[in-house]
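Across the two complexes that follow, chain A remains constant while its partner is chain B and subsequently chain C.
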Partner chain A sequence: MNTSDRLPRFQGMTVPAASTVAMLLADARLPSGGHAHSSGLEPALIGGMSPAVVAGFLALRASTTALVDAGTAVATMHSVLDGGERDGWGLAMVERAWSARTPSRAMREVSRDLGRGLLRLARRIWPASAGIDALDDAPPRPLVLGVIAAEVGMGSEELVRLAVYDDLASGVAALLKLEPRDPADGVMLLLESCASIEPSVPTIAAIRSPDDIPALSAPQAEAWAEQHAITQRRLFRG
Partner chain B sequence: MAEDNAPTRSLRLGVAGPVGTGKSSLIATVCRALADELRLGVITNDIYTDEDARFLRSAGVLDPERIRAVETGACPHTAIRDDITTNLIAVEDLERDFAPLDVVLIESGGDNLTATFSPALVDAQIFVLDVAGGGDVARKGGPGIGRADLLVVNKTDLAPYVGVDVQLMVADGLAARDGRPVLALSRDDKDSVAALRAWVLSILAAHRAGTHVPQDPGPMAPHFHAGDGDDESDHAHGHDGHDHGHDDHDHHHDHAQERAHG
Partner chain C sequence: MVTTIMIIITTMPKSAPTAEPSRISVHPGEARVRVGLVAGAIAPRLIERDATSARVALAAAQMLLLDGDAVRIEIEVGAGCRLEIEDIGGTVAYPGVSSWQVRASIGQGGRLLWRGLPFIVTAGASARRRSEFVLAEGAAVLLRETLVLGRHGEIGGVIDSGVTVVGDGGPILVERLEAAGAFPGPGVLGANRVVDSVIAIGYRPPTVPGDLVLEQPGAVARFLGQQVHSSGLDAKWSPWRTALLSVADSPDPGHLIGTRASRTQRVR
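Here is the complex of A and B:
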């Protein structure tokens, strides 16, 4: 798909490469509200999880909720690119599939918060994008990632890794504030947990229909998220 | 840099300053003085808890629903400058839920002398110091002291107990601010509260008349007053030209630190 004619903002400029946009979206400095999020880590620590098992927590998140999000992002991208609206699985269907696989209301709200911040920025960057325009004001984060990926022509495997990396990197950044340690150890944790999902990347990247999004929930993490939503002492939104 | 001028768009007024100088109390004072004539809302940026929001709700100066707290991920500085998303969304929600609002007050998490609001978030800002922090603080400068729309020297009632000369502190502030206003305030001093009230009303009137232009107090690094006003990007930092050389390098370095650890 030729994306250049859909990017009027970049008149007179070269259109950014899809992988540049992927790096942008993975960058913790992106001003879209991510710095106030811990990807479930603060809820887990407040809920009593030992800091000694953070590697396990990240690996579990990577193989459950992060893959649901990654699959949702891929399904969203195809819904925009392949005219999914025509086949009856448009964005609303993708969103319903995601909601059904994200049983914790607190987690859904946190994701909508992130999605809203990201969408706000995306609208500034791609004001003429039909896919971005089709989202309502507070969509879940993976839907926003998916429409941006469609807009810039990102590859599906890159999108899967982006969705997972960004989620886990927020957790690791929060870890350094909540249970301080050598920041280089945080980097190792991040790379290990990202690597742990490599075997699943092709399957998730091949998703077309929202029906194919895996249903991988993490009940203990969901319970922690629900508790965290009503606590008065927290540094992070979720 | 107001993005829209929809009828629901309030005056967004930031209140920044170091920890414990009296930001929440000042907001309570403003609410008490103006709640009868203006439709107000408050956003707090707490660090560890929603304590400031709860303090303001319990002060009974405003409908508790109009006071909301946002999380800052332990980076109060980032939340009002480098990534204002969470605050902007909170302000817009408040404006939508209680439309129309006249003024939304945003309290920053207590930080240090370098923390000021981005003009993409607020239309005007107050920087709050207190006498208990030491009489020499106003001389130490920084963007908030030098270029916030109003500098408040708070808790003047405590001056005799901490050996601070309020007049001298105000004079230091004025000298650091090229004539921008400085207000000596105590919540128990009626005249000073009246002056604060009048200032808020005057900035609201200027905002509505379109004569108030939001100013960025500027970067965290010290400014050189080179007065060269050379390039386009200069206007973002306010009215004064400054050296973009070595100084700016330090500034970027600080930002990287802030993102990593702030």
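Here is the complex of A and C:
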């Protein structure tokens, strides 16, 4: 695949490598507002989940919500790269597939909140990107990840791992604030939950059509998210 | 040859009764709707019909769901018609591998209401459910789906249950639940053995905080708990049914699917 024609035009700058951009996007220091989110962890704890089962919670978050997002990001990237977006329907179909798999309005709003922050930053970095330009002001987070990945020529598997890692790392960072413990335990939890989806990575990375985005659901997490959205006592937005 | 036939008869005793799908169709008629009923493992029975609607009851024609059973139900609701389905009894998935597949297509402005009774996955059962609803423009569905892991006091088996509702502009609800009584998953079902849902698609029913309000017209009310009788969703059915029927009386395009879908319609 010829990637040269979709690399960003950085005038007077060296073009960043796709891997560098992936690290940047996974970095908690990225000024896109990710620190305000707990990836469903605070909703779970407020909803009564015991901190003792957080490892199971993260692994299931990885195989449900996080894989829906990862698949959505991959479908978005291909929609941009394969020219679907030029015909004006590609990203709308991907967004529709994502929203059909995200029945909780609270979860959709959280994702769009994250997407808005990420998109604001992406527009500064890649002002001439057609894929980034095609998005509305508050697209779901995985759509923004997908257009950035298309812009920088990121590999599909790297994109899947980025989407999952970023989501779970937010949850673990929130856990350390809400239920303080040895930060090294948090690192172990994060690596274990990321590793749990490795068998699915090639399948998710091979997605082209939005119809193939996985749809495993987490009804209890959806209920927690809806309750969390209307509670006053919370540190995180979702 | 005789041996081969014997093997087929002795190893697949239940395949014949469950091989043919049950079929229910409702189409516009002159004085009353035309209703087509074909019995498979599930036997449909006409309760009543009038100029635009039919009510059909579903009962098991045999003991269900045993190891190897594959139940299929195909539903067709013609343009402008209403089909209301009632289950006569719940369904029990006994130990073994079984499947339950529903495919429904609802024509323009059609309505399908299916008040399902509990689907119980016993210990040692591995049940796969697939429910697919394809809605034409202005069509709507109201469904009740109650999944129960295990009979009373029993650790339930494994369920893989998918629900897909597609409108003329694309998917509206796509979800798949994987759960097992032996491995309660925090965030999926937690320690709950009952997941009860009322699913309304194609219109906006009256919702309260906690209901899942879909992006496209539609909503899901859900109860997670230990006992079916603790679910408050019985009380949801009537107002959501009333809301659906009143959409038919006042065709406000804002309530119908297809209005937001115009830009995506041409890709299908």
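We adopt the following convention: the second predicted complex is superposed on the first by the 224 of 238 C-alpha atoms of A that agree within 3 Å, B and C clash if a C-alpha of one lies under 4 Å from a C-alpha of the other, contacts with A are read in each partner's own complex, and residues count from 1 in each chain.
We take it that a residue touches a chain if its C-beta (ideal position, glycine included) is under 8 Å from a C-beta of that chain, and two chains touch if they have at least 3 such contacts.
In this text the structure is predicted, and so the values were computed from the model without any measurement.
Annotation for the three-chain superposition on chain A: chain B and chain C fit side by side. When the shared chain is aligned, chain B comes close enough to touch A:His35, but chain C does not.
More residues of chain A are in touch with C than with the other of chain B and chain C.
Of the two partner chains, chain B is the only one touched by A:Arg120; chain C is not. Of the two partner chains placed by superposition, A:Ala195 touches none, neither chain B nor chain C.
Once the two complexes are overlaid on the shared chain, A:Val187 sits clear of chain B and of chain C alike.
Of the two partner chains placed by superposition, only chain C is touched by A:Ala92; chain B is not. With chain A fitted onto itself, chain B and chain C come no nearer than 19 Å, counting C-alpha atoms only.
On chain A, the surface touched by chain B in one complex and the surface touched by chain C in the other have no residue in common.
Interface of chain B with chain A (complex): residues 47-50, 54, 70-75, 78-79, 82-86, 88-89, 259-261. Residue ranges of chain A in contact with chain B, taken from their complex: 28-38, 113, 116-117, 120-121, 174, 176-177, 183, 232-237. The touching residues of chain C, counted against chain A in their complex, run 162, 169-178, 185-190, 192, 195, 209-216, 220, 222, 224, 263-264, 266-267.
Residues 40, 44, 49, 53-54, 56-57, 60-61, 64, 88-89, 92-93, 96-97, 99-105, 108, 211, 214-224, 226-227, 230 of chain A touch chain C in their complex.
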